[in-house]
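Sharing a structure with you now.
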Amino acid sequence: MTPALELKGLRKSFGKAEIIRGIDLSIGKAERHAVIGPNGAGKSTLFNLITARFPPTEGTVKLHGQDLTGMQPFQINRLGLSRSFQITNIFPKMTVFENVRCALLWSQGYKYSFWHMVNRKRDLTEGAEAILEQINLTERRNLPAGVLSYAEQRALEIGITIAGGADVVMLDEPTAGMSNSETDYITDLILKVTEGKTLIMVEHDMGVVFGLADRISVLVYGEIIATGKPEDVRADPRVQEAYLGAALEAEH
Amino acid sequence: MDLILVNLIDGLVTGLLLFMLSAGLTLIFSMMGVLNFAHASFYMLGAYFAYQISLALGFWMGLLIAPLIVGVMGAGVERYGLRRVHQYGHVPELIFTFGLALLIEELVQFIWGKNQMAYSVPDVLNFTAFAISGNSIPAYKIFMIFISIAIFIGLLYVLTKTRVGMIIQAALSYPRTVEALGHNVPLIFMGVFGVGTALAGVAGVIAGPVLGTFPGMAFVLGSIVFVTIVIGGLGSLWGALVASLLIGWITTFAKSYNIAMSDILNGIGIVTPTDLEDNIFRDLWTVTSPQIADILPYILMVLILIFRPYGLFGKRAA
Amino acid sequence: MSQIEQAKNEPKGARPKEQITTDPSDAAQRMRAGSMIIPVTPWVIAAVLLVLMPFIFTDNSAITIMNQMSITIIFALAYNMLLGQGGMLSFGHAVYAGVGGFFCMHVMNWSDFFAGLPLPLLPLFGGLAGMSLALVVGSFSTRSAGTVFAMISLGIGELIAACSVIIVAFFGGEEGVSGNRTYAQPFFGVEFLQQIDVYYLIAFWLILSALLMYLFSRTPVGRMANAVRDNPERAEFLGYSARWVRYYSFVASGFFAGIAGGLFAINYEILTEENLNTASSGVILLVTFLGGVGFFFGPIIGAIAFTLLQTVLSLQTELWAFYAGVLFVATVMFFPGGLAGLLMMHVPVFRLGKARLLIIPYLKTLLPAAIGLLGLAGLVELVFHYRHAATGDNEMTVFWTTFDSHNILPWVVLIAIAGIGLGIAKKTAPSLLEAWNEATTPDGGTR
């Protein structure tokens, strides 16, 4: 069976600094995979490489066996990969409802249509309402997204990310900067909406990671030093040493 | 050969003049990310102020005082206009400077009327410096070249060798960091804007007597200056220099050598149609280089933007 | 002035940076986004008004103004497809209208074909010509929005305007191209000899194009144009190429600009370089921004206000372009939402049923302010006359009063009017602010 996402020999340098130094990783279908690591390990860079925000210096990324080299973000999205951003990235001036509806347009086959009226389309309205229901924002439907609370905006972003029905979902620090109760709320939400999908997430909060992930990869200085089930990774002395060591180092 | 030399000098004058405008414009752009549409209007104000001052105090005082007034006005525009509009985003900023350009033109017409001013070359410089096989080179042109080069060297010195220059260069790339280091970035912005517009003012003072001091002078030069910094690469000072000289020489040579399109087309083996009068391409066949000299920069810009969207020396895709 | 505006903004809290697209908490914005129904009533009212207008304003000069207004409305709406909806600032949009118009002139002069073509169909050719040009230019100019797009639009605009004296075959050189609309095939017996016939032709196209442009904004590509304007990166991760979305908006805008150009050709029967140059492009930017780019109807208000201002002021004073410039810069600085933004600010007030609270404070502040500004304008006129009038010609007329501009009295009077008017306005501004706060706060609600 082809893995949902496969990275081979991925490298990225900015000038002389090599941030990602050869990553091989294979993530199976319907797997929830978390990438953890200390600050500056290159997690976000890795995300941006996979989603073609930056071109890799070397190596390939394959989605369902298809090479993504040279593709634009929108093309990758159409192949079924969707992502959220570390910094909330929504359409702040549109209403919550419309944010979600925009996310549905392509996947529902409307493409660059200028002959359909979006608000006459039952499938769009119902689809968007179903997503709003899932992310518990039905009440906020007609508010401009920019006035939502931070946690609500993050929830909305997750909603936008999954709305297109992509089967590979990438979340970049979905709970960053949240209180405990907000974190629990978002964690439950992620569990609910990624049912049956491949999830790849970067996360700092260990509670979230161990509660969500089927497998975990530990990224330190641009290399993956361990991949495996949460309990195995946790038990791995190498990981403990390297990760905690690096984490301590990073804190000093 | 001699004609080439004359053209080289003429093109240099035009190019350096363009550079005095484009240098300030590009500095302002790379620092604040705003393309000052009214930049050439400050050039016009320089010419008008210098004219007014020269009536009372003579040309040299005009050269000294007018750019200062223009610079102060520029700083005022930044402080009380642009900074306010900045919060609305880039597009309103651009619209604001566009509106300002319109307003300054109207203002100039309001004060000085629609006619060309009798602002002329000072008597001291009104002689022939030398002649190249019958083509006399006026001393004033040499003077313009010297002034421009002196300003360029001064600018380079300030930017690369002084502390202020270092701060400005740093603020160009990392305004937030520089602000965090305790420098007053808004003040630097205002200063750069003032100096940039003052440079445009200098250009106006010395160009006014030769190119004419009239209300349309800003728009005549304005769009060419934009073209220049787009070709050179937005935000690149060297790009601005190269593009200015390039445009100066291209337009000068195109005007001076009468090359007909029909000759070129014949040269590459296309025969002139016999029924030229009725041919839909008749205008293409009869085009000559002096006719299109003024639009060559635009053509160049479009080509550059298609094939190298960030310009000749541009580093980032703006 | 600025104080008042700040005061008006204040109740809604700090406004987001991207003010240009107006305040999202405005009710109309929500309405535009969410509801299932496309409101029909405004369209019916507009259509009825357009039909009735010539019966109210019967003389020919009024109809001429209305024709000009309608054409400007179409052009401004087309322009706002770029600026307001797509976030693309064009400094050379006149060329799309111009090329559309020139093409229509050539169709008019192509007598064999034109004799078989009913005149009302002619603008379609203009639209297609404008669209064709946009198809070509857009292919490289829409790669990015922002400054680069603006610069390319300026360059292309200048290039084509300059070409008009070189490519004489199409642009007719200095004298332009003229034609005669009455050579078309009569349309149900109408030969469009009279201004009024042309009025209804233009009115028909106005309603049709405005409706189409409105509907365009509700289609998937129209909605994504807004999304790309606000956040191109996010839009890309929703499967849409920002570039193509911009391209489609650009082409559609070129089409409707071309329609406006075609109507211009029908109305004036001549096109010249003036229809292409940067000044025309600047005017349409001014009109659109003045009206307000954040709302669909903004450009309509802008076109009406600007045309009226232009015709009324240009009859009264030589300085009308100066006033227009001042107005424009003031709009950008203090009312970036334009007239439409100012109007829509009042929707919550009406919703709360507190509009009457504002009437008196408005009168107290805005009336003196207006009088003061008129006094200021009078001073400007006085200075202008003093400086530029021929020697000996000391007599001038301001506000239907004739006096000697070299006499001290009118100066004193005008300075007094300006000073007192603006002084009162400044003094009453705080109470206006207070009234505004009161009017925008729901009863019993604490803010």
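By letter and in written order, the chains are A, B and C; residue numbering begins at 1 in each of them.
Here is the rule we go by: a contact is a pair of C-beta atoms (placed from the backbone, for glycine too) under 8 Å apart; a residue touches a chain by one contact, two chains touch by 3 or more.
Not measured: the values here are computed from a predicted model.
Set against the Cα centre of subunit A, the chain with the most distant centre is B. Here C is the chain whose Cα centre lies closest to the centre of all protein Cα atoms. Per-chain CA centroids place subunit B at a distance of 31 Å from subunit C. Separation between the centroids of subunit A and subunit B, computed from CA atoms only, is 48 Å.
With each centre defined as the average position of its C-alpha atoms, the distance from subunit A to subunit C rounds to 44 Å. Across the assembly, subunit C contributes residues 18 that each touch 2 or more other chains. Of all residues in subunit C, only 16, 18, 21, 24-25, 29-30, 33-38, 215-216, 218-224, 226-227, 230-231, 233-242, 244-245, 248, 252 touch subunit A in the complex they form. The part of subunit B that touches subunit C in the complex is made up of residues 33, 35, 81, 84-85, 87-92, 94-96, 98-100, 102-103, 105-107, 109-111, 113, 219, 223, 226-227, 230, 234, 280, 282-284, 287, 291-292, 294-295, 298-299, 301-302, 305-306, 309, 317-318. On the side of subunit A, the complex with subunit C involves touching residues 51, 72-74, 77-78, 82-83, 85, 89-95, 97-98, 101-103, 105-107, 110-120, 125, 141-144, 146-147, 160-161, 164.
Those residues of subunit C lying in contact with subunit B across their complex are 17-20, 83, 87, 89, 91, 140-141, 143-144, 146-148, 150-152, 154-156, 158-159, 162-163, 166-170, 278, 282, 285-286, 289, 319, 321-322, 325-326, 328-329, 332-333, 336, 380, 384, 387-388.
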